[in-house]
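Below, chain A partners chain B and then partners chain C, in two separate complexes.
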Partner chain A sequence: MNPPEKKSLDLYAMTWRLPVIVWQTIFFVGPLLFMVAMSFFVVKNYRMVEAFEFTNWEKMLGRGYFWDSYLLTLGLASLSTVVAMLIAFPAAYALAFKVSDSARRWAIFLLIIPFFTSYLVRTFSWYVILAESGVINAILGYVGLGPYTMLNTKFGTIVGYMTLTLPLVVILQTFALANIDTRLVEAAHNLGCKPFATVWRVVIPLAKTGLIIAALFCFILSFGDFVAPYYLGGSKPPTLPILIIDTTKSGQQWPRAAVVAIMMMVTLFAVAFAALTAAYHKRGRS
Partner chain B sequence: MASNRKNSVLTPSRRDVLKYGGAAALSMPFVSRAWAQTVEINMLAWYGHGEPDVVGEFEAANNVKFKPKYYAGGDNMLGLIAQSPAGTYDIILSDAEFVQQLNAAGYIEELNAADYNFDDMLYDDFKQFPGHWADGKLHSVMVRCGHLGVSYNKNAITAEEAQSYKCFWKPEVKGKVGHFDWHLPSLGMMSLTNGNGAGLWDLDDTKWAAVKETTMSLRPQVGGFFDYGGTFNSLKNGEMQAMCGIGDWITGVLEKDGAPVASVVPKEGGIQWTESYCIGKGSEKQEIVKKFIQYMLSPEGQVKSAQMAAYPGFCITKAGRAKLNEVDKKEAERTGQVDGMPNDPITLIKEGRIHYRDIPKQQSLEDWNDFWSEYKNA
Partner chain C sequence: MSEPLLLFDNVVKRFGDFVAVKRMNLEIGKGEFIAIMGPSGCGKTTTLRMLAGLESPSEGEIRLDGRVMNNVKPHERDTPMVWQSLALFPFLNARENVEFGLKMRGLDAATRHQKALTWLDRLGMSEFAERDISTLSGGQKQRVALARSLVTEPQILLLDEPLSALDAHLVIRMQSVLTNLQRELGITFVYVTHSQSEAFAMADRVVIMSNGEVAQVGQPKDIYRAPANRFVAEFVGRNNIISGKVKSASKGKAVIDAPSGSYTVTADAMPKPGAEATFVISADLVRVTGSKPKAENAVAARLISEEFIGSVVTLFLESGDGTEFKVQVQERELATLDLKSAELLWLSWPAASAHLLPGG
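For the complex of A and B:
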């Protein structure tokens, strides 16, 4: 038996990894640590003063409205994820299995186009469509329905979240489904598996990793979005990103806003960890 | 060789002419720029004050360029200044109630009262506006104001109903009452609804609890909390039919555009927003900034302010009002800025129906903001 080889430091590999490590340290880890430290600072005369006090944590976590916002944000982001996944799946399935390569390429290109324009502008364009005097209510009016209030409601917020996330979710789902070995799908059909059962028992399990990552991205984007709940939801009631704005706007309480931000990041870390564990969990392995 | 070189300078070839001429021509823009370099003035203000419709003529006449940074709300302004090095802002437009805090924190320069024509002010209070003077020293000059009250859609609320803040509770506008998302004006209006009148900012525990209760009772009526753009849009497209916390500064723009909206000072009283210019501490451009403040107090500047595209304000000088009546009678009449009109803003102040916006006297801004967050989440 040979003794285990001592691994030498691969300078070449390290050189290529270094920029990413340096970048992440300067622009992610550094600010994150500063934000944690800032949550213990105090504000005097609208100016942050370095300190190590727990008052911001006590004040924010002790307020009922913080937890109301927290649960609301969690609920809306979860709902957005479910809705986006359900709407995107048939489209992604069709793009992956039912259309030609050329049509798929065009569809992906068209799904990327929304990212060329500002999300804020796209959100504002919903005003024209969702308003009581807007396009949808005008059409419904012809058949004697409405008008319905859609702006400044949770429905409006979800529409905004879809504007932000749906194209990305369709793209990610399409890539996940397109990478499936289609021979396994054909085998399921040959063995008498019905179409819906094939999707449920073969397609989805095979595309599980990609689908979970699509859902995760949708959740992360919705959870941290300020624009949709503010402009289409009427800030009624406020989600956590709006609470951050409110907290900084009045009294310049950046340390308290840092508490909210840390709570959001902890939640996202937990969700991402759980999602990735589920995504890469192999059946039969512990 | 030497004589040859000399000759070449005295009798340049065609190539030399092109070379030196080209170099001279190319360097001209740098020369001219250095000759009359545009001075940049850093401005901190509410939206619209640094836009061409207000500052354009002054910029052209004085070869300056305003670089505005916009904020919404006095505490937002204080925060921005607190986080910037001294001298960042040359000119600061402040809500009057925050001038005292700007001065106490040492963020603004002392002004020379002799530089400004206080004798031309329309109302005596404007000469010695609260907080603008400290120990006989001037720190800020009021340039415009406006009134906040009931802002409403005329198709949903009648002019009679709009004479009281109670119209916000009208069952027909349930879910259609909006708030401008700043606690100070909205809670001030709730305090007026409770009959606190001139003492609207000076609330003891009992009165503060009552204001909170009144505010909470309005919550089921509320359809949303909006920033400037959202307030503007929701009134324009009819999503909101009444708005708490604003006044003609928003409905005026829409009204001129033909929207069926208006603002009135109700019987419980209205709130005056007041905007004043200060010179930022450590500014190196104090002379030109002083000239700009003088311009904004001149008849031309006052008319620019009254017609400001972002949001209109009242003239505060006699000459400014006279000029507005001369060049834009329609706007003067729309806003009551005509001597003898019953809704003349100065008459309303004299009648005691207008109360200057202030900060809470017995609670902190944090208390009010905390309650505002709680209210939004209710």
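For the complex of A and C:
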């Protein structure tokens, strides 16, 4: 009696799974494979022609400006991750341990509000603040400082990255910290561990998985972001997302842009794999 | 009592409107094993947390070795605690957990290592030193937690229901581990528990708490045989609590009229005739016989039910007026009584076995 029933159940389950599988195949796996194939195509007379040549790979990876962009993007995304994690931590710590439950709920709600508006719009609002004649320079001018150039600098890029990532990083860190067993924190104090040392020796190790995931999100979002380096960072030298746009615009070089995109994806896969391995690493049994 | 190490002087602890500990006065001696016992919410854990500095008293003073501890931060005290949840650090192995307190005191790696291994060895855990905490059994974790607290050689150890998560057979074994350790080290143990058997088996003195107040302090035997009030009599063991009016009192004996009969009890302080009085007769001091015995106190009662827990059986009986009696007898003794055919059983006890509660 059981086997036929089980079979019909499988069919039922399959029916519900099918839309997701079809969607993923058509709109994710398909295009991805096409992009890989496209990186071997050639462009003749501003037209893409199917081929299987390694010229795009040789041209892109053999050029200094690609690697300059690559290292710049890697460096900026890493810096963004470090800055966001450091700025977010005291806020997340306070939300997780120092405020009431209702205050924490309100804070999380307020941290979600930035996502209501387009990131692009929020980025443009920085012009008013960071420009040569902007708010910050006006205030500094009163005390006889400046003006400082903040737009079209790496500083501007990082400010833009923070606009994108900081609310999310605070939320993720708060959840990571709020879930730790506070009795272990008390135990550390009880064993003579000073409050600051306890954060380093007990709180962070306990929240490790959640904190690494927060950092990973920050890195992924910054690494792939086009808006901050383009509008606030001045796009010179270009980061990889800007390089993709530039490459497609100049001579319809979609195949070479595909090379850049694949390199970015490989990098993100490697970083995500390393981060998740570290996040879920359990001490070995001996 | 030995020289007091720890002193509670009119200590009050409030959480908002809730008073967790009401005006506590208590002295704890050097090298004493003291158990604080009571139902949940009685303030026993709050008391222990105040000793560790995890809570500070709202009023009064806690003094350790003469020093007022009220505002001493937890990490500045030397009052290690063994948690109910054990609170071992999952990201450190057994040895590293034990070393934690030593590291905080700035000891060098070699000394830490050696001390940690000595303590793990002492608790029979040396072969598990490098093991991950998650791979240890409940009893093994318990030993690591103990080693971690004792490795700094404190003069006092706080224990918050440390055995409540263990299997029954392990509890017995850990009890002897704890009492032996306490005797060998000669340090003060303050042990919070809701379990009477743990408290009575290990402690030199027991503090019974109820609703934030100390209901009685004394040696286990005194608390068991001479409860200070109704709460303690009800909380501790199986007692028959009988209330009535004093009919007469003379020559160290009082006669009390209760609904189920008239009883004679020995009394230190003579109650006034006509006053309300309550006495307890513990279930294991009552004799059961098939026919009316010659005894100072005897009451006829019908068997309602029995509870078999091994070598001891508790009988629940009811006298003619509906008063319930509890009697504990040895299982082998019970076999000699023909319970089924007996219409009425007789319960009896000498006057000296009954304990008159002070203050009625």
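Things worth noting here:
Simple rule for what comes next: the second predicted complex is superposed on the first by the 260 of 286 C-alpha atoms of A that agree within 3 Å, B and C clash if a C-alpha of one lies under 4 Å from a C-alpha of the other, contacts with A are read in each partner's own complex, and residues count from 1 in each chain.
Convention: a contact is a pair of C-beta atoms (placed from the backbone, for glycine too) under 8 Å apart; a residue touches a chain by one contact, two chains touch by 3 or more.
Quick caveat, the model's predicted, so the values are computed rather than measured.
Legend: residue contacts after superposition of the two complexes on their common chain; A:Arg63 is shown touching chain B, with no touch to chain C. With both structures placed on the common chain, the touch criterion links A:Glu186 to chain C but leaves chain B unconnected. Once the two complexes are laid over each other on the shared chain, residue contacts for A:Ala197 go to chain C alone; chain B is not touched.
With both structures placed on the common chain, the touch criterion links A:Leu206 to chain C but leaves chain B unconnected.
Of the two partner chains placed around the shared chain by superposition, neither chain B nor chain C is touched by A:Val82. In the superposed pair of complexes, A:Ile21 makes contact with neither chain B nor chain C. Set side by side, chain B and chain C differ in how many residues of chain A they touch, and the one touching more is B.
When the two complexes are superposed on chain A, none of the residues of chain A touches both chain B and chain C. Residues of chain A that touch chain B in their complex: 45-47, 63-65, 68-69, 127, 131-134, 149, 151-152, 230-231, 233-238, 243, 246-253. Interface of chain B with chain A (complex): residues 72-73, 75-76, 78-79, 81-83, 105, 175, 178, 181-183, 222-227, 230, 233-234, 237-239, 365-366, 369-370, 372-374, 376-378. Of all residues in chain A, only 181, 183-184, 186-195, 197-198, 202, 205-206, 208, 282-286 touch chain C in the complex they form. Contact residues on chain C toward chain A in their complex (touch as defined above): 52-54, 73-76, 78-81, 83, 85, 87, 89-91, 93, 100-101, 104-105, 130-132, 134-135, 148-149, 152.
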